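Look for chain A in each of the two complexes below; its partner is chain B in the first and chain C in the second.
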Partner chain A sequence: MTMAAVVAAPARGGFATALALIGFLALWETAARGLSGAYVLAAPSEVVVYIANNAGLLGRALAVTLGHAAVGFLLGNLAALGLAAVAVVWPRSQGVVTGLALLVFCLPLVATGPILRVFFGPGPWPQILLAALAVYYTTLIPLLVGLRAVPASWFDLVRSYGRGRWSALVHVRAVAALPYLFAGLQIAAPAAFLGAMVGEFTGAERGMGVLTIRAMRALDVPMTWALASVATAVAIAAYLALGWVARRVLRDDPPVILAAPPLAGARRPFAAVGDIAIVTGIALVLWWGALEWAGLSRFFAKRPADVFEALVLAPDAAATRATLFAALAETAVFLVPGYLAGLVAGAGLAILLVLVPGLAGLVMPLAIALRSVPIVTTAPLVVLLLGRGAVGTVVLVAVMVFFPTFVACLHGLGRAPGQVMDVMRSYAAGPVARLVRVGIPAMAPAFFAAARMNVPAAILAVTVVEWLATGKGIGSLMALSASLSDYNMLWSAVVIVSALSALGYGAVGLVEARVLRTYAPEQLA
Partner chain B sequence: MARDDRPPPGIVCTGLGKTFPDGTAALCPIDLTFQAGHTTALVGPSGCGKSTLLRLISGLETPSIGRVEIGGAPPADTLARAGLAVAFQDPSLLPWRTVRGNIELALGLARHPVVDRDVDQLIRLVGLDGFADVRPAALSGGMRQRAAIARALATGPGLLLLDEPFGAVDELTRQQLAQDLPRIWEARGTTTVLVTHSVSEAVMLSDRIIVLSARPAEVIEDIAVDLPRPRDPDLGRSAEFDALTDRVFAALSRGMVTREPPLAAQ
Partner chain C sequence: MTSTFSRRRLLATGAAGLGAASLGLGPRRAQAQTAVALQLSWLHSVQFGGSYIAQDRGFWREAGLEVALLSGGPNAPVEPPVVSGTALIGISAADYTAAAVAQGAPFKILGVAMQKNPFVVASLPVNPVNTPADLVGKRIGMALANMPVLQALCTLNGVDVAAIEVIPTQYSAQPLLAGEVDCLLCWETDLPVAMAMQGVDSVTMLLADHGYALHSQTYIATDDSIANHRADLVALMAGEVRGWDAYRADTDAAADLTVRMFPDAGLDLPTQKLQATRQVPLMFSDLTDANGFGWWSDETVAANIETLALLGRPVTPDLWDRSILEEVHGA
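Up next is the complex of A and B:
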């Protein structure tokens, strides 16, 4: 089963989808009626009534948030395209480009939101920038994978006419990477909406995020559920619209061809260490330079030296560190199980769909819905339903990780080389054998790309939930520091969380490098 | 038709060898000369380094030792002005472009103007009329190779490098191409290097056949093919043709004896 077939399944298997949707709504309505009086669940009928009565209010808020999300989506993806082009045309820069991009992506939105709010005031820029920050990395990574998923002989062809990397990028890589770009954009669309809502959360005047806060504070259950439903519907619509465009643009699935690794340019182990040093250096200079250039007050715009002082030199540094690490330990308890569960569920469901293609029509809409749900709006719901304990948070992190992994794995499985599959069939290999011998190895690069970029996504999820709902861990600590104007603690938390996030990313990358050396050496070029 | 106006270049390989960084010796140092305007066939057992030799001549691979000169200059010069074209073993057509689109891509890369009439003529020449606007996925293996040949011819290169370009082409079309292609490169005086496994194809197409031994490749025999041109299929039943093919086969079987343990050659 190919990617196109699976993604198109909701459109073709309209009956199964409708059935799944009706079943889901019926279940929801029944549960809500059973729980009436508990103030946790609003029935679909109540949600519809609320939306109908407040259509004007919701419409205006939605328009504001959509506008900001769209601008952020555009800016973030343009940045991703530019960075990918630089990294491919000038391969030596790739380590530094992706390293800096990663570091910026690892900035916890929960803390950067309030900081941007202080910088920009009540205007739209914090929302737009957070939306851009939420999407550019999820586009950059699949794009880099796609730009390299090209057979070596196509580059020979370009070179045999005396042309270089730029021609190869324009004529070969750019088109070959289109399916990957669309896979990235599809994931980015709901993420942009989520980013814009987090931005509104930090004190905007209008928008869905503002209404969500109001609903939560007022314990208005129908309003909370209506907002979550509208946000979900919008995210799903954006996802499906991009899928529709992708099917129009990509006429057929490109074949998988594995390019030979360039033997001459094998990386030395020192190169990675050097890259990390360069990235850290550039990041520190940019941080310091940008704040100095903008002439921002040292009171809230802390420089690298201030953070170093707060964490190491100040008399209360030990106490600051202890507070930070206690919060981090609290967070890890939710983060790690949720992250792993999301990965396993995503890969598992993709494999299941390949083995039992009939399930696609039923499962795909549900899977899309789960990922497209902007986590900001569901955090209070999940906590209402599952309590403030570990389960709710773990589930939310897992949901956040699940869908990108699922989409990436489906794509990877679909890229199993056609003729290799035919060889397997000619030996009468069953579907399981084909999956184990060809499908899963072909899936490996996509799975690991997803696993890597989900490290920061999982941290975003866990910190948002802690901030909004559970009041525990590093997310809550950052929110508290922001509201208490404890900028030393806030900036220290940003630095530590970003560094740990990048470290986790690097650790997944090490595992990935070992696996890909066997299964997809062209990705290590 | 768009073409390189320079006279066809001769090629001189001096002590040319290639060892990959993992230690595999793809080609042991060898001296070879290819005469300008002639068609030279390279035949030899699989894995003897024919394709590597072709890649070294094209400049797509850099030699570990020795050098290649095309018309007295390094291959990079010829590459830089798009003075050569390669038909690869794998047709390497871009799947999202039609047959015509793939040919136009080569013209564009070589900075040649696209003349529709010329492209149509090329497509007809390789027997793909009616398939100009079809994408490679809908073509058979042989048709894809023919499209790749048309693409290689499109820029009218002074140097044409063919790496088993007829491997998947059916016998009848192959005979037809063996008739038509030499006519093109004779008219233009193209220097052609043809790597092939087919002895009769080598005799039919070339002015000279170099028989290489198994690894490490050495020139076993250098055979001049002085059959008259144009050559028609009837030539294949002549006594001179038989004598030449016998000579090539004899040289090949002498060269089969490898001086390495067979498993090490894997």
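Up next is the complex of A and C:
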């Protein structure tokens, strides 16, 4: 089985999968029976009974949430395609495009939800837009990587036919980017569903998120886990369906990229500094302009000047800053270890699957399930099992980071050039040698793309957990500020969190540039 | 701000007009229905049963008002839609309203649905909390955000708050039943009801019975609405009063209606019936019997101001404006 086959056919090990599923269900049933007095975990048998008795209710809720998630998925991914096209056709703009995209992606759900609700009023738009916001970035980043994963000779071919940048985009780059696009879409599918569910917290009348809140408050454990199971099943189905489409579309082995394409206009010194200044400027103008255009009240829709005032000029600015940074410090304790653990686990598992392909049928469904169970439901269980200390939150952040990294790394490993692998095989190189010399270098761009896009994802996870479960840190501070109408604090937190996410992203980018200079110079064009 | 207000109002009116036309309600338009919205503070449930009755029995429609009941949720603050004019009235609580006013929101409290604050300390009969003094040495599960509430209760009753172990938990009865905590800070009408429906008896100590005087489920509107949309406010509040009086007369019917109106909300009829009866003693009192639903007196406002001061939210009696309610009750 080649690496590409492992990637493309996650569930082909039918027997192993069936065995894993049976073992998993048995374990689940036993655990639920053991914990029966604790009101945290329902057994699969109870879940099945609940679903059978409430099929109508669940079906209607699923239809609503799935519909919103699907529209959001579509809009978010179209936006990603558009942004990626702009960045490639006009390379100078890439720093600005990705910078702005990053800033928007970093906006915390806790804060954007209520603002979208006021903006759009009652109706589905906050749910749809939160789903779109949850996906566009995880598609954009792999896509940008893919659009550059092209051998220089292909461009020479385009030029020799006298065609320009547009043809290169359509005939060469788009084709090369397809595998990366599918990786992004597969990561996006569960994220869209989660985004739509969290969007329902802003005042929706129906849907899976509404029912989840209801079930948890009512101590209705079978209902809670029935909802989680349905959400998980849907996310897995979407993942597998996209994988099936990918298998139909992606038939060729990846190309060999031996020489980097010529650098399209060497980067001027300080270009990055300039990009940051432009991004910051555009973001401030958009922020101010959008709120003014909509005529939103300054009571809750704070402008850049209000935040500057609150953080710097106001008499209580020092106290505001102290509160904010104390909360951030609390959050960092969970965030950094969770993020790193998630990266290591994701890359490690991907490598393990390549070395022992037989495990794929066993591990893949579990990995997808783990990521797809809504964090809203798992938080109390993890907290019960691991205590209310740091470990529970760290594990939840790691779970959120783990899956995108795992999928990206698997796809990255699958990008190992076919001819090079043939050469290695003809010299009787073992699987470990092939992995170290070809697989891991091929995985590097995808791994770093995952590491970058996981900075905001990890912050999203930690703030949601703090908000819904632990009541600590910056996530809790933002929720509290919103309920107490302390919108100066809320917007200040949004600004600081977004800025720190962007900084973290930049830091990963620096490490990435050093590594890729050696292994994948075409990515640095 | 004013210009947006009218723009939104215009849009809302237009949309409601379209809706009415498509429902074949054309002739009724002779009565010139005004479209307004009431922003609820939580997901649809019998907590707002009186409003559903007003809607269902046409109390508002008779007065020329087409009222949209906007659902709340865990991430749906009430104040922004009211400030922006999306909702004419919002359902808040005195402490949240005081906080919003301190941040510059032009709100007044027009009516008080919950005369007694619904906060309780819930515990299990084997290890009960019957008085604030019983809290000493106990582990209490609550959101850290509610720390000022616990502090105020302790100050009012001379209990050392440092002697209570606070454990931050999600809002659920699960930590109590799992033995992670000895008691919970929650509402009388939600987690204890959930436990009862699971067959678990609980002991609840109502904070309002121990000096914690704080109006809850209060109706708020902006100064601008009070000045310029008085008739709509009076009509909306009049419907609320009639709705809640009907609710009190038959809480089971209110629960039935709630479940019928929101079939997708996952509501359970027995739970809704129990919740409906449990909130009656919080909403109706000698004061409301004498003066009508939603009423308050100078004394209850003074007690609220004292509690708010303990919560670090100094306010004046100007926060309350009884003029709309006086028109409704013809006082």
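Note that in this section the second predicted complex is superposed on the first by the 490 of 525 C-alpha atoms of A that agree within 3 Å, B and C clash if a C-alpha of one lies under 4 Å from a C-alpha of the other, contacts with A are read in each partner's own complex, and residues count from 1 in each chain.
To be clear about the criterion, contacts are C-beta pairs under 8 Å (C-beta built on N, C-alpha and C of every residue); 3 or more make two chains touch, one makes a residue touch a chain.
Predicted model, so just to flag it, every value in this text is computed and none were measured.
*Asks:* Clash or fit: chain B against chain C, after overlaying the two structures on chain A?
*Replies:* fit
*Asks:* In the overlay, answer first, second, both or neither for which of chain B and chain C A:167 touches.
*Replies:* first
*Asks:* Looking at the overlay, does A:53 come into contact with chain B only (first), chain C only (second), both, or neither?
*Replies:* In the superposed model, A:53 contacts neither chain B nor chain C.
*Asks:* So in the superposed three-chain picture, is A:210 touching just chain B, just chain C, both, or none of them (first/second/both/neither)?
*Replies:* Second partner only.
*Asks:* Under the stated touch criterion, which partner chain does A:175 make contact with: chain B (first), chain C (second), both, or neither?
*Replies:* In the superposition, A:175 touches chain B alone.
*Asks:* Which of the two, chain B or chain C, is in touch with more residues of chain A?
*Replies:* Per-residue touch count on chain A favours C.
*Asks:* So if I put the vertex at the Cα centre of chain A, how wide is the angle out to the Cα centres of chain B and chain C? Nearest 10 degrees is fine.
*Replies:* 150
*Asks:* Considering only the touch criterion stated at the top, classify A:30 as touching first (chain B), second (chain C), both, or neither.
*Replies:* In the superposed model, A:30 contacts neither chain B nor chain C.
*Asks:* Report for A:158: first if it touches chain B alone, second if chain C alone, otherwise both or neither.
*Replies:* Once the two structures are laid over each other on A, A:158 reaches chain B alone.
*Asks:* On the overlay, how many Å separate the closest CA atoms of chain B and chain C?
*Replies:* Least C-alpha distance after superposition: 48 Å.
*Asks:* Determine where on chain A the residues touched by chain B overlap those touched by chain C, and list them.
*Replies:* Dual-contact residues (chain A): none.
*Asks:* What residues of chain C sit close enough to touch chain A in their complex?
*Replies:* 1, 3-4, 7, 12, 37, 43-44, 68, 70-77, 79-81, 83-84, 86, 96, 99-100, 102-105, 143-145, 167-174, 177-178, 180, 190-191, 194-195, 197-198, 262-268, 271
*Asks:* Name, in rising order, each residue of chain A that touches chain B in their complex.
*Replies:* It is residues 151, 153-154, 156-163, 167, 171-172, 175, 251-252, 254-255, 263-264, 266 of chain A that touch chain B.
*Asks:* Would you mind writing out the residues of chain A in touch with chain C in their complex?
*Replies:* Within the complex, chain A contacts chain C at residues 37-40, 57, 60-61, 64, 109-110, 113-115, 117-118, 121-122, 198, 200-206, 210-211, 213-219, 223, 294-301, 379-380, 383-384, 388, 468-472, 476, 479-480, 482-488.
*Asks:* How about chain B: which of its residues touch chain A in the complex?
*Replies:* Per the touch definition, chain B meets chain A at residues 20-22, 55, 58-60, 79-86, 88, 90, 92, 94-96, 105-106, 108-110, 135, 137, 155.
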